[in-house]
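Common to both upcoming complexes is subunit A, partnered first by subunit B, then by subunit C.
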Partner chain A sequence: MVDPALVLSSVVTALLVGCIYGVLTLGLNIVFGVLRIVNVGFGAFVMLGAYITYFLYKDYGVNPLLTIPVSFAIGFALGYAMYYAAFRRLVGAPELSTLLATFAVGVLIQELARIAWSPDIRGFTWDIGVLELAGVRIVYSKVVAALSALAVVAGVYYLFTRTRFGLAVRAVVQDPEGAMVVGINVDRIYAVSMALGIGVTVAGGSILAIYLQQGIEPYMGIPYTLLAFVIAVMAGLGSILGSLYAGILFGFFEAASFLAFSMIKDALGLDILPYVLTRSAAFFLLLLTLLLKPEGLFRR
Partner chain B sequence: MPSPLRAAASNRAVIVLAAIVLVAVVAAAAILLLRGGGGEAETEAPQVQQAEEKFAGTIKIGASLSLTGRYSTEGTRTLAGALAVVEWINDNGGVEIGGKRYKLELIYYDDESQPDRVIAIVEKLIKEDGVKVLLAPYSSGLTAKAAPVAERYGVVMVSHGGASDKIFQQGYKYVVQVLTPASRYFQSTLDMIRKLDPDAKRLAIIYKESEFARTVAEGTREYAEKLGFEIVFFESYPADATDLTPILTKLKAAQPEIILGGGHFKDGVLLVKQMKEVGIKAKLIGILVAPAHPDFYKELGEIAETIVYPSQWEPSVKYSPENTPPGYEWYGPTIEEFVEYYNRVAAEVLGKPDLGLSYHAAEGGAAVLFIAKAIEEAQSLDPDRIRDAMNKIRIYTFFGKLQIDPETGLQIGHEMVVAQWQNGKRVVVWPEVVAEAAPVYPSPVWWED
Partner chain C sequence: MELVVERLEAGYGEMQVLWGVDLKVEKGSFTVVLGPNGAGKTTLLRAIMGVVRPWRGRVVYRGVDVTSLPPHRKVAMGMTLVPEGRRLFPELTVEENLVLGAYSRGFKGVEEGLELVYRVFPRLKERRGQKAGTLSGGEQQMLAIGRALMSRPRLLMLDEPSQGLAPKLAAEIIELLARLRDEEGLTLLMVEQNVAAALRRADMVYVMEQGRIVVSGPPDKVASIEDIRRAYFGL
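Up next is the complex of A and B:
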């Protein structure tokens, strides 16, 4: 028999952590969806956001929530600059070139961070209380982080579906030449989209930092790069709401496989490692997705 | 089209190219020389002259140490610790073989924390420098690289920074260990709990999925069962887990009295933080590695209070000739002498007065002591006789007890000390004879409401 508190706790964690996965994946997905560039340097931008929150909160006492827009603004500026410095020439270039270019940018940022801030692992404590619910404790700072993630996804969704800018972006994605013919400044759309994608990624890093509050170091983004790729493939590369759905689905899948493996372990007395197996289970899900619905689960 | 002009041009190109190659080769050689031998050549030279009068000769100990690269801090401290003990021994009459006194000399090169460099350096030490005994490099990974080389040439190598049990399961004859292996990390912690609370029963073990932490966890389970603990939870988490809440909720439901586990720094901090978030209660929590770092308290604050951790050595531990246990012989410097020599070596020989003291230094020093004692017991520099002599050594040093398992070379004498965070400070609480303070148990932070 499975402990009901464990099930409830797993569901809550899946939802909360799923929102974080979602917003991180969104950052990756915007850049890919519009510019067709796979940002392999993704993790470095996540790390940047986490450091921004850490320093602003620890050194200046800024409320961690307010660091999210700061991170977004810094990421936006960085993405804009990156586009005109390098990626403008790489739109439509062979995939290997863009992979190498984003990889290089990522490594550069990570190493600069290591030199500037040292490889020390940092953390902070932002304690705003705990909610007790049927024997399960839900930490408010995690709820706040998940809600911020939802807000960012909603904002991006609004931007892409309800504004003239979004209309222009969609036109560019469908047919860049056609968009140019009707007078859309394609170059600018690319620049702003890149800025937006990096902005969301850095903001996502801040949200992740609020969620975890620990383990902030120059290479912290690396595992999230892999994670975001898996979720993006599940979502369908380029899909906005799909990123969120797939993130939450991934969170649930992790939780469910942990519960399932735990039950198998207890019932059969097998010597297996339930929590470690959840990752392999997640990649199995990815494989299934690619086999059955290669265009992604949430792509029209 | 071989025109004369073109031939002249290509000739010139060849000359220029040759010149460039020559300059590059000379520069590379110069860099290698400076990097490899520079350090000890400058600092050791004056002492060699002095030694000629007092000593009949010099015994060379070789070492590949990480003075740069990712293990630079640990490697440099190990070096300073080893040099401190070498100097102490030389100042106290050196090593005696057949009635003659010999001076110890440490020959070392920087392996840059690179496995390939380690292999090359160990070969060089054996073939060119002719050393008969080796200090292993720092870390289990690099020690595992050096071990087969030492074994192939039949040179005794003493591991001081490689806690892995696996190295000693390969059937190597010439590789021995002075630090406590991973499988015994929590033994002294369990002994302490048994003494404090004979009724404590329910033990949870949660560890990071890594070779080191798994060895610790399995060794802990085995020893705890012997002491009569009931293992109510035994699970691992992946190194890059984002949120440990589900697995900790499961742990909470198992209602343990004692929790032992962890892995490394990053996950250890997350583990403790989320244990508190989930509302876990325990009389005592013991975590690997992470609490030994000052940042542990800086990041966690009050919830770090009363967390215990096993440590190979702490500068505040009180091993002394007076509390030498029966069956053991005191050997080498006292802790005060070690610290004094260490600080002097760090400042004067290595030029790093603010190097800082940690267990890495003590491990390096302990390895030198073990070697010196073995040579004196063997009365020879023959590797086989040194290795045989090592089997019989039972010494008590500033680092604690030293004794190896004759079969595998694993350390079986040395015990981990148990340290605890008390009022924002790390204090040694176990073993009793060397403790600074009594352990706080059960933990008011983690047990009471």
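Up next is the complex of A and C:
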């Protein structure tokens, strides 16, 4: 009844898109994990990355892959500036303040983008070929996007677990006052972590743009905010590799529920939209995780 | 003078805790601050270190006004604090905690530092790969002191290092600090409840009450004041 090629293709898509989800979630998770700030404006930074890739490729012919480090650098600078401009005062502030502040920054960036670049939906084509495997078409640019996502996750993982900076970050997370008395500039660790988190998010936006190549508009990031929250909760808030694992897991969940809803639709002749239902199923997954394993699935 | 504190005022939010504290710590001395719970002893050390920002007054370290410097700058200058509650990094290993102690030195001299700490606390060497959170109370206190020593401080401040320790171990730790003072040329400023052990080794004692210094002097003089004797020595 189920076409094997369709299943195989779903598995491949789940894996590829899962890596993208993973890197996006990582951006959210770094900021939360170190500063305990939930970045509700997350989607705006994803959008920013997508536009950077779009303009650099379309207007200047820059290889889309090279736009990823550019986005990271811009995001890093933006995050650093944001920390000293506003968020420095919000570390340890009541959640409502940080939620409102990040929400406000997100809205600001989105509206500026709409004014600067118009609300038109844009897209580009970066065609580097297609791999045909057992009747499944795998688009190379999507593979490249997924591999870039893995590279970013690996880089962040290395930074946080194998370097002295990472050791200092872990010290700050575990005991900020202890970190102060050993001479760590806690303020700077927060600033750099925020910069890294936003940098990864904007770079993630570029990776997402390479993956999708379509649908680039000022509000495109909003659904990813929701998605990244669900995945971050599954990952365990603050967990680096967990973000990737949960992203991939979520990719599979999405593919499976999409297949299931499609089959239900066909079998029962119901007038439903499988993709929309998949999105609501994500919230069911969120509730389930919070109920059964609130500390996350991938947390040591 | 290693440390001079003048009319220091500090607190949390609206609540003022220190009401103009004056204190002097001589180079190479073992200075002890006594006082009941809530007298502001912990806040005093935190304000000197810069963990809480002083409201008014001055902190002068080796002739330099450091009142408004952040803690990491002070650590780099040779001040450090073993804070109340130890403030270790529970998920990191004993050795990682110690290595982080050398952070302000750009991790220079980690090897020699570890050697010194492991010589002083052989117990920590045995547990070097263990997570700090799994240590016993006494071992955690050793680690907190060891971590502070890793920055090669000249002025070591300690907030109740004997808290939660068996009296025998507490006395041992104080003896050990006194020895470090003699051997390494450290200056010690300690806040303590374990009065008997602290006084045996102290050169100078300050008694704090309600955010002010009420009595100061050498231990024998302070101990001879009737009120103090009754309040702190149970004699």
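By our rule, the second predicted complex is superposed on the first by the 284 of 300 C-alpha atoms of A that agree within 3 Å, B and C clash if a C-alpha of one lies under 4 Å from a C-alpha of the other, contacts with A are read in each partner's own complex, and residues count from 1 in each chain.
We adopt the following convention: a contact is a pair of C-beta atoms (placed from the backbone, for glycine too) under 8 Å apart; a residue touches a chain by one contact, two chains touch by 3 or more.
Just so you know, these numbers come straight off a predicted model, no measurement behind them.
*Asks:* Once subunit A from each complex is brought into register, does subunit C clash with subunit B or fit beside it?
*Replies:* Here the two partners, once superposed via subunit A, fit next to each other without clashing.
*Asks:* Have a look at where A:71 lands relative to subunit B and subunit C in the superposition and call it first, second, both or neither.
*Replies:* Touch partners of A:71: none, neither subunit B nor subunit C.
*Asks:* Classify the contacts of A:25 with the two partner chains as first (subunit B alone), second (subunit C alone), both, or neither.
*Replies:* In the superposition, A:25 contacts neither subunit B nor subunit C.
*Asks:* Just subunit B (first), just subunit C (second), both, or neither: which does A:206 touch?
*Replies:* Neither partner.
*Asks:* Thinking of the overlay built on chain A, is A:174 touched by subunit B (first), by subunit C (second), by both, or by neither?
*Replies:* second
*Asks:* Which of the two partners, first being subunit B and second being subunit C, lies in contact with A:225: first, second, both, or neither?
*Replies:* Touch partners of A:225: none, neither subunit B nor subunit C.
*Asks:* Could you tell me if A:5 is touching subunit B, subunit C, both of them or neither one (first, second, both, neither)?
*Replies:* The first partner, subunit B, only.
*Asks:* Specify the partner with more touching residues on subunit A, choosing between subunit B and subunit C.
*Replies:* B
*Asks:* With both structures superposed on the shared chain, find the angle between the C-alpha centres of subunit B and subunit C as seen from the C-alpha centre of subunit A, to the nearest 10 degrees.
*Replies:* In the superposed arrangement it comes to 140 degrees.
*Asks:* Looking at A:185 after the superposition, I want to know if it touches subunit B, subunit C, both of them or none. Which is it: first, second, both, neither?
*Replies:* Touch partner of A:185: subunit C, not subunit B.
*Asks:* One more residue to check, A:215. First (subunit B), second (subunit C), both or neither?
*Replies:* Only subunit B; A:215 stays clear of subunit C.
*Asks:* Considering only C-alpha atoms, give the closest distance between subunit B and subunit C in the superposition, rounded to the nearest Å.
*Replies:* 30
*Asks:* Could you list, by residue number, the parts of subunit C that touch subunit A in their complex?
*Replies:* That would be residues 49-51, 70-72, 75-76, 80-83, 86-92, 96, 99-101, 103-105, 107, 147-148, 150-151 of subunit C.
*Asks:* Note which residues of subunit A are touching subunit B in the complex, please.
*Replies:* Where subunit A meets subunit B, its residues are 3, 5-6, 9-10, 13, 16-17, 20, 120-125, 130, 136-137, 139, 211-215, 217, 223, 255, 258-259, 262, 273-276, 278-279.
*Asks:* Could you pull out which subunit A residues touch subunit C in their complex?
*Replies:* Result: residues 164, 167-168, 170-171, 174-175, 177-187 of subunit A touch subunit C.
*Asks:* Which bits of subunit B are touching subunit A when the two form their complex?
*Replies:* 209, 235-238, 240-243, 245-247, 249-250, 252-253, 265-267, 269-270, 273, 277-279, 295, 299-301
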